[in-house]
Amino acid sequence: MAAPTKIKRIGVLTGGGDAPGLNAVIRAVVKVAIREYGLSVIGFLNGFGGLIKNQARELTEKDVVGILPRGGTILGTTNRDNPFHYPVVKGGKKVFVDVSDRIFENISIHGVDALIVIGGDGSLAIAKELYAKGLAVVGVPKTIDNDLLATDQTFGFDTALTTATEALDKLHTTAESHHRVMVLEVMGRYAGWIALAAGVAGGADVILIPEIPYRIEKVIDMINQREVQGKKFSIIVVAEGAKPVDGELVVQKRVEDSFDPIRLGGIGHVVAQQVEEATGKETRVTILGHLQRGGSPTAFDRILATRYGTGAVRLVVEGRFGHMVCLRGTSIDAVPLTEATGQIRAVPLESDLLLSARQLGICLGD
Amino acid sequence: MAAPTKIKRIGVLTGGGDAPGLNAVIRAVVKVAIREYGLSVIGFLNGFGGLIKNQARELTEKDVVGILPRGGTILGTTNRDNPFHYPVVKGGKKVFVDVSDRIFENISIHGVDALIVIGGDGSLAIAKELYAKGLAVVGVPKTIDNDLLATDQTFGFDTALTTATEALDKLHTTAESHHRVMVLEVMGRYAGWIALAAGVAGGADVILIPEIPYRIEKVIDMINQREVQGKKFSIIVVAEGAKPVDGELVVQKRVEDSFDPIRLGGIGHVVAQQVEEATGKETRVTILGHLQRGGSPTAFDRILATRYGTGAVRLVVEGRFGHMVCLRGTSIDAVPLTEATGQIRAVPLESDLLLSARQLGICLGD
Amino acid sequence: MAAPTKIKRIGVLTGGGDAPGLNAVIRAVVKVAIREYGLSVIGFLNGFGGLIKNQARELTEKDVVGILPRGGTILGTTNRDNPFHYPVVKGGKKVFVDVSDRIFENISIHGVDALIVIGGDGSLAIAKELYAKGLAVVGVPKTIDNDLLATDQTFGFDTALTTATEALDKLHTTAESHHRVMVLEVMGRYAGWIALAAGVAGGADVILIPEIPYRIEKVIDMINQREVQGKKFSIIVVAEGAKPVDGELVVQKRVEDSFDPIRLGGIGHVVAQQVEEATGKETRVTILGHLQRGGSPTAFDRILATRYGTGAVRLVVEGRFGHMVCLRGTSIDAVPLTEATGQIRAVPLESDLLLSARQLGICLGD
Amino acid sequence: MAAPTKIKRIGVLTGGGDAPGLNAVIRAVVKVAIREYGLSVIGFLNGFGGLIKNQARELTEKDVVGILPRGGTILGTTNRDNPFHYPVVKGGKKVFVDVSDRIFENISIHGVDALIVIGGDGSLAIAKELYAKGLAVVGVPKTIDNDLLATDQTFGFDTALTTATEALDKLHTTAESHHRVMVLEVMGRYAGWIALAAGVAGGADVILIPEIPYRIEKVIDMINQREVQGKKFSIIVVAEGAKPVDGELVVQKRVEDSFDPIRLGGIGHVVAQQVEEATGKETRVTILGHLQRGGSPTAFDRILATRYGTGAVRLVVEGRFGHMVCLRGTSIDAVPLTEATGQIRAVPLESDLLLSARQLGICLGD
């Protein structure tokens, strides 16, 4: 099948945090665009920054050989460089301006007919604005946090979940041998998907997520109760965004460590200290940090990413701009960017995953 | 919440082929039944055989400690022992009889109020018949082949897929270094889910599945075409149930090796021989065999299995017998066993996974 | 072969920090003692604590089924409970006394003829003292740090090394995509084996170990130099015991966090802060912590542990007490405990592993 | 340090079967030669074939970025193309001639002062002959079979061992659940290192290796004996080169399948059939085949390969030609090629690894 006469050349970029599967999307976009539709593809480097600064590279089939199993992105990515709020230095001080026109210039310089933006809520929101301004754009949802609206799952999540679950498997053996409490801090600043799913998959005793402010007494009760039952160790999974009912402590902590909870270990260490003081049990903390963003994507993520990439090219040739590919049950579908951004998808309190966790006897801190 | 007064004790069994996640279901059933609903649980051993021969063991929370990450099933399983078609020796020769009454006897001997059957199409069909005969039964869908009707996915599939994909990653490096053709034979006698998904995830060049009878010339063309493009190696994934358009060869082969294609390597070796003769390229075969049934379940399968086990107990306490838990999008749902069995779910020829494979340029043999 | 008449019963315990392979040693001891020499085996629980408090369990072949691939120890372990320096409360205050006589009592109560101590430097030093006091003891060297004298390698090290290397593989992809500096803090308070070996295996750019006090300027030079070469990311591996040439900073830090560098992230965060301030590059820290002690042992560790366990039983039946099994090249040998303890094996500054690291251009901070 | 004036340029090639770690050696050779000694490096493609046909590529530091964790070899490799026995077509028929002069021509064409040959017994034997003919050559020992003389271990073996051990872990769970006998056929045509080591690491019940011709009755006794003890499953590891005391059956089989035991599954299927017939237990076969040559090298193999590559460059600059790097205990050493080739290193019948296997009660078929 040939593409609509007007589409001859596609641009693609990866924005926001790194996620396993980005290369699989790029590979699918390039292969399908070239083989199936006879289009050419250009990649913009380091997210929207490359579109603004006109940093780009032609992408041929040769460029995507062997990248399917690799983590990271051959195009580079960044959390910064919002074209509608771009930092420039004026009169010696930093101000933020709208440089989105540069994007339209560079798009036309490269003769790009449509742009595929692979990114999370931030990048897709920018894509939405660019579409509103007249750019032919299609989105691909990406985040290891799995907190995007309008899709059943994002690629990268399954790999991050797998990394966290393998960590719990390892901590189990040593916690058991040493009669210790092990705290694993995982990503999830606003949604607890990784913590909840990994906690269930890894047999955690306590799972603390942002959606459910916790009472430390509940956590301590759980550990003491297990002690009484002869279970002399416990495993606690904490999402980096988890907070106590009285959130002061953490808010203050965030300030101290310049808003980067990863830097000083953040909430994981707070919980560990409180538990150790209250129970007298040796408590140890592991912070997975960026391990969760790295590594070869799981089979699930490679397939989802490949289907997303293929589906995005289809949206382009069908001229369905301003849409994002998404997963609905077992099918790939499309949804308007306006419905997909601006809000995160928290763990629903009535979800059966959460219910299953409760019924298994896992403490959720409430 | 308390269970309906009539439900005090649950029986559980695992039937059919082994699948990673069986222990995770058993664990969830036991924990939720005891902790949440105050029920007791008894496990019948080795599938329906234990129900017929009255082989059983009480299951307490202690019995399920540490089994979440383990492959296999602590209850044992078997493909045989259909109570409605049970082999007995009469007058020196084997005849098949209906011994399902024994099951009702043993169920009442143990004071079991409801039975949870974890199994594939065969076991669930038996469960359906037992329900029709008056047994309070609930089903949990299991098969690594992912070919069950009425559920988006079965547990065990993601783990088998992961094993097959890791194998493809390994074969890629050595195929590339040696300029060889590598054939990987995977499970899937009637449906090609593992072959198709692993082939897409592992970057295969050719994928042969039962749903699409193949022409070996197409496969050979693909390999020669790659040679011309300077790609001196190729990766072929073959489902054990794949067959050529002219199926004689294989049918005959099946007879020879007593219907066990695994035993002599089956179709994988047939394809390898034809390819080597036609292309003159060294061709090697790897048969994963039962590796695909073993090992620690992936995080995905542990979670799905846990949700299924929890959901099955809920169906029991709600008295929704004759139903099977299933996955619908992101939710656990229930479906009548009558709608769930008697037919396998093949890969739909119009599925977007298949379409994506084609658009990526993967040869499907047709 | 029968054991010397005087040996009828063996005791075994695991002491010190957890290490993958402990169960493999226990399994080998039990199987070989019972099958090959017709002995019986009793396990003392939680290191020397079980010997002092007379906590023990009989060990049969049945007890060791399935434990070969499992991390941890079925006997439990602890870093405390030194019989020669045992804390008791006298007159309201804690004092340390010699309770080693209790060990001899419990040994005779259980009719144990010889004791196998599986442990690190601390546990083996206690074993040495007990031998000097007349106990028939044999040692098995264990530590993930690989810093024991008198053996080419300890079991547990290869697994910890593998965990750290897999972490570096994951950090590489995300560091590269984000143009970041990634700091991985690994175990090794007194010796840098894990950091050095993982750094070489994982392609690190900087490796900081206790044996080589570092100058942060050297580290910063390396990162800037890579930047100039167009390599916009760097990977730094830091052993928890690494220290700057001017060690004040860290010593002080240790005090603050009650001598537990894991608790506040320790040196890894110190290095990250200095690097970020000096280079302006985003720097992220991952602390593996106890992940390095957990998980299924690698094939290498399972084999070494099994050979150690088998060799230890041989030493017992040969009556070679006061010795420890050790690895010499490809053979299992024995060495007097007096030569094996009281000093740790640091990375030799002239070792060819260190030389290889230097010649590869890895910065060692000096 | 500068290289001897006469050495300015190094050639490198990889010969024989693929082995994980080849890229790690190439990377170390390139980095150390260029950074440390200011040399240039050229790679010859596809083993000695590239030296004969003058197929080569310059190797810079850029060419080896990111290859450390990758299986395979960026230079390609082959088992064929022996320059002293090279097939050419004369008068319509194939004859073998000595084309080694072409190698000297191409070496001088490229201004190569010394050649590093990374290979197994075959390639190193050719290297030895070339050295005898006057070529400045240094060897690096490689084989997944670990059967080379004069070195404690070859790189690639630990990765193959790990792959085989993981396979056994998976087969264990499913064998146990199904009460089956599982046969795993691994590589090792002349030496049983992989089978023996993986069998010990994976808890096999029977291990059959080429060094010990087996009696099938011994194997069957073992399985029946386990049945009596209530162990209803067994795991058998078979090296592809294992043979019964009466070897006829297999010899004949080899002829049938054109000397490629992998092609029809070979000895693994022979053993499985005999066991199934004799015991009546369902028996399944898995053939790892080339999975054992692929995949990312383990940390151990990456380090050994890196030390070998670094050591080989040192031998070159020291002018110690006709030597091969080797591992001795914990050090890298050198040995004359004359002592390293022409014979394989079988498993010594008195090795303590074999003794340990026997004392653990593993059946070795004798």
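A, B, C and D are the chain letters, set down in written order, and residue numbers restart from 1 in every chain.
What we mean here is this: a residue touches a chain if its C-beta (ideal position, glycine included) is under 8 Å from a C-beta of that chain, and two chains touch if they have at least 3 such contacts.
Chain by chain, the UniProt names read as follows: A, B, C, D = ATP-dependent 6-phosphofructokinase.
All of these numbers come straight from a predicted model, not from anything done at the bench.
**Student:** Among the chains, which is located farthest from chain C on the basis of C-alpha centroids?
**Tutor:** B
**Student:** How many angstrom lie between the CA centroids of chain A and chain D, rounded to a whole number?
**Tutor:** About 41 Å, centre to centre.
**Student:** With chain centres taken as the means of their Cα atoms, state the distance from chain A to chain C in Å.
**Tutor:** The mean C-alpha positions of chain A and chain C differ by 35 Å.
**Student:** Using the average of all C-alpha atoms in each chain as its centre, how far is it in Å between chain A and chain B?
**Tutor:** The separation of the two C-alpha centroids amounts to 31 Å.
**Student:** Hunt down the residues of chain B that sit against at least two other chains at once, touch-wise.
**Tutor:** Those would be 169.
**Student:** Considering every pair of chains, which are in touch?
**Tutor:** A-B, A-C, B-D, C-D
**Student:** Given the complex with chain C, which residues does chain D contribute to the contact?
**Tutor:** 28, 31-32, 35-36, 68-69, 152-153, 158, 161-162, 164-165, 169, 197-198, 200-203, 296, 298-300, 302-303, 306-307, 310-311, 313, 328-332, 351-353, 355-356, 359-361
**Student:** Which stretch or stretches of chain C touch chain A in the complex?
**Tutor:** Per the touch definition, chain C meets chain A at residues 18, 20, 22, 46, 70-73, 76-78, 163, 166-167, 169-179, 182, 262-265, 269, 272, 284-291, 293-295.
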